[in-house]
Amino acid sequence: MIYITRRERFNAAHKLFREDWSDEQNLETFGKCSNPNWHGHNYELFVTVKGEVNPETGFVIDLKALKNIICTQVTNKLDHRNVNLDVDFMKGKMASTEVLAIEIFKQLKPHIEQHGAALHKILLRETENNYVEYYGE
Amino acid sequence: MIYITRRERFNAAHKLFREDWSDEQNLETFGKCSNPNWHGHNYELFVTVKGEVNPETGFVIDLKALKNIICTQVTNKLDHRNVNLDVDFMKGKMASTEVLAIEIFKQLKPHIEQHGAALHKILLRETENNYVEYYGE
Amino acid sequence: MIYITRRERFNAAHKLFREDWSDEQNLETFGKCSNPNWHGHNYELFVTVKGEVNPETGFVIDLKALKNIICTQVTNKLDHRNVNLDVDFMKGKMASTEVLAIEIFKQLKPHIEQHGAALHKILLRETENNYVEYYGE
Amino acid sequence: MIYITRRERFNAAHKLFREDWSDEQNLETFGKCSNPNWHGHNYELFVTVKGEVNPETGFVIDLKALKNIICTQVTNKLDHRNVNLDVDFMKGKMASTEVLAIEIFKQLKPHIEQHGAALHKILLRETENNYVEYYGE
Amino acid sequence: MIYITRRERFNAAHKLFREDWSDEQNLETFGKCSNPNWHGHNYELFVTVKGEVNPETGFVIDLKALKNIICTQVTNKLDHRNVNLDVDFMKGKMASTEVLAIEIFKQLKPHIEQHGAALHKILLRETENNYVEYYGE
Amino acid sequence: MIYITRRERFNAAHKLFREDWSDEQNLETFGKCSNPNWHGHNYELFVTVKGEVNPETGFVIDLKALKNIICTQVTNKLDHRNVNLDVDFMKGKMASTEVLAIEIFKQLKPHIEQHGAALHKILLRETENNYVEYYGE
């Protein structure tokens, strides 16, 4: 069993707020992350896949295929977009790094399994000082 | 003469577009950077100050003072904000990295000169793949 | 279950030596790290917390609260200090990266648990070429 | 139990291809990585060792000894070399990052165990966008 | 006048040697960089362009156009290639970082000038510990 | 004319203080940097040399020779040392980054000129957020 990780990036706007809360409540809980006019990040996404090494190719998974899955299913939908408003799989969800990582995991899992490998982990870095990891359970 | 550089960071939303252009014209010129619902970045700002070394302290400028100027005049206004909508010194201007660097330079210059040093350069990094430098002329 | 990591930094002096050993013995075991007049590092501390996502906020733990715990309990005591001489929780202990990581874990664990989350891991980076990880057992 | 990681680097040439395949087959499977005249990388190797902390030294393993093992057994054989042609432990094997990580693990394991510690993981980074991890099973 | 920099990357094999020298002479001058079977690097190329800001767009140069020039004229020719054998503009030249930077400058200059901007500098990083800068004269 | 830069690193302790000042005066001017028991940093030193490219070798200067000069004259004296107490060329001087950069420049200049090249710049990085540049005048 070996683990291979591919990094992709996307630049997106978001905010943390609940429509069913007052502005004061949002500000108290989410601080400057609740700025009504949005803010944004250069997100880094690390997708870790595990599997056996194919003895013929030396690969767990073809990285071009993995990159293609990540871009088609996830980063093309997020890059230069608004996480709260523009992304189908985030509709009606909190745009926190935690929730975004979980939803990205769900998007990728079936497509990676179709390539005979298993999705092990999503690591989503929001800034140089914080990131989230999700293993699917 | 010696040069000292302080890095500060801010996370902001922006978009590239002209209100006097159609959506098609904006899309053609600015591509995905014109996404109507904004996108965003983790900006890195490097402020380079030059001057003589004070023989008593060994300093060109007290870095705590420099950090304080940068935060008060620039990054507090930009961090977790929308460059197009929320920032007084960017009102009515294109929110490109180039223009933002020039306007940051103008904000900082008089305050740094009050500390007996000269503002040499602004370097503003938008992503790991592109940045802008401005020397004030 | 999701994992969130916060990075904080501190710049500190230390040395590796045993008072009950001769200078020669210290030099032989610890090499240049035993320099009597100290040396120092820009340490990077990564604190990983795990827990369930709060469905109301999308958070495992409020990062401002986590940052506050780390600074109050750990980095304020270490930053611009001497690990061997100035830090209450390191008194009488070897100032190796391993021991420092273990003691930081002990400092943080009860305070993070008071916020309803669990401390998963401490990663302490001493240089770009070496770091230590501790999971509490 | 604590984990300590040492990073070493090596700059090497390689290509992905099978001699028993035609050029077309190699190109189809391995893309530009099959360029007949080779290409190359600045590889980063992270070796993670686990063990108990020695109460006398505060060490899991002496990092100078660990560095010495890594250089003697692995990086001296790979640095400024061709992975396919020049490296004894890669003869007859696919020069993929996956296979290279597994073979490096095998090279290091007995030598680290002679120092009373256990080899936990090899992380081998080929580019800023992809890396492989291997735990020995 | 403002300066904008675009980073692109390429992974290539090369060696430092002179065909008119003996192996011993090559080894003495170029050390392990003269390994007959090549070695390689993840090169980072930073292209700095200068010009006036276009008041309509806020741009010095469209970064998509700049990226396109760099890829077409330079990195597509170098990526996953052998600098000594595969690259038209390096034929018969020493494959040192210095010479490569100079030749890349020559390749890019006329194409950037066709976009109404000036090529200011090439910075070519070979490893994390060394890089070369060339200003065209 | 081309510029080549070599990075070397050293880990050192220091403090900012004047013996002819009271502790209060030192604290007021230098803040936590005046901690009596020292603190420390992982310094990064970038040495930029300029010259013509030797047409025979493709080199401005042999990087092994440059590395050797930097280590012998500078980093061996600073690494795992106390800048205030252990370094001959810093005796009686303020251990600020500015002064250290200037003194490093003076140490290196004659030795680099003996190799037929010119010392262009010293860049000394103290933390990820601040660095100093000195051009010799």
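The first chain written gets the first letter, and so on, giving A, B, C, D, E and F; residue counts start at 1 in each chain.
We take it that contacts are C-beta pairs under 8 Å (C-beta built on N, C-alpha and C of every residue); 3 or more make two chains touch, one makes a residue touch a chain.
Because the structure is a prediction, the values reported are computed rather than measured.
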Kindly list the shared contact partners of subunit A and subunit F, in label order. B, C
Most remote chain, CA-based centroid, reference being subunit F: A
Consider the two chain pairs E-F and D-E; indicate the one with the greater count of contacting C-beta pairs. D-E
Matching interface for A-B, options C-D, E-F or D-E, criterion over half of contact pairs identical, gives D-E
What's the distance between the Cα centroids of subunit D and subunit F, rounded to whole Å? 34
For the pair subunit C and subunit F, the C-alpha centroid-to-centroid distance in angstrom is 28
Give me the residue numbers in subunit A that touch at least two other chains, ranges are fine. 128
Chain pairs that touch, by label, are A-B, A-C, A-D, B-E, B-F, C-D, C-F, D-E, E-F
Residues of subunit B touching subunit F in the complex: 1-8, 48, 53, 56-60, 62-64
Subunit E contacts subunit D in the complex at 9, 11-14, 32-33, 35, 37-42, 79-82, 85-86, 127-128
Across the complex, what residues on subunit D touch subunit A? 16, 18, 29-31, 93-99, 101-102, 128-135, 137
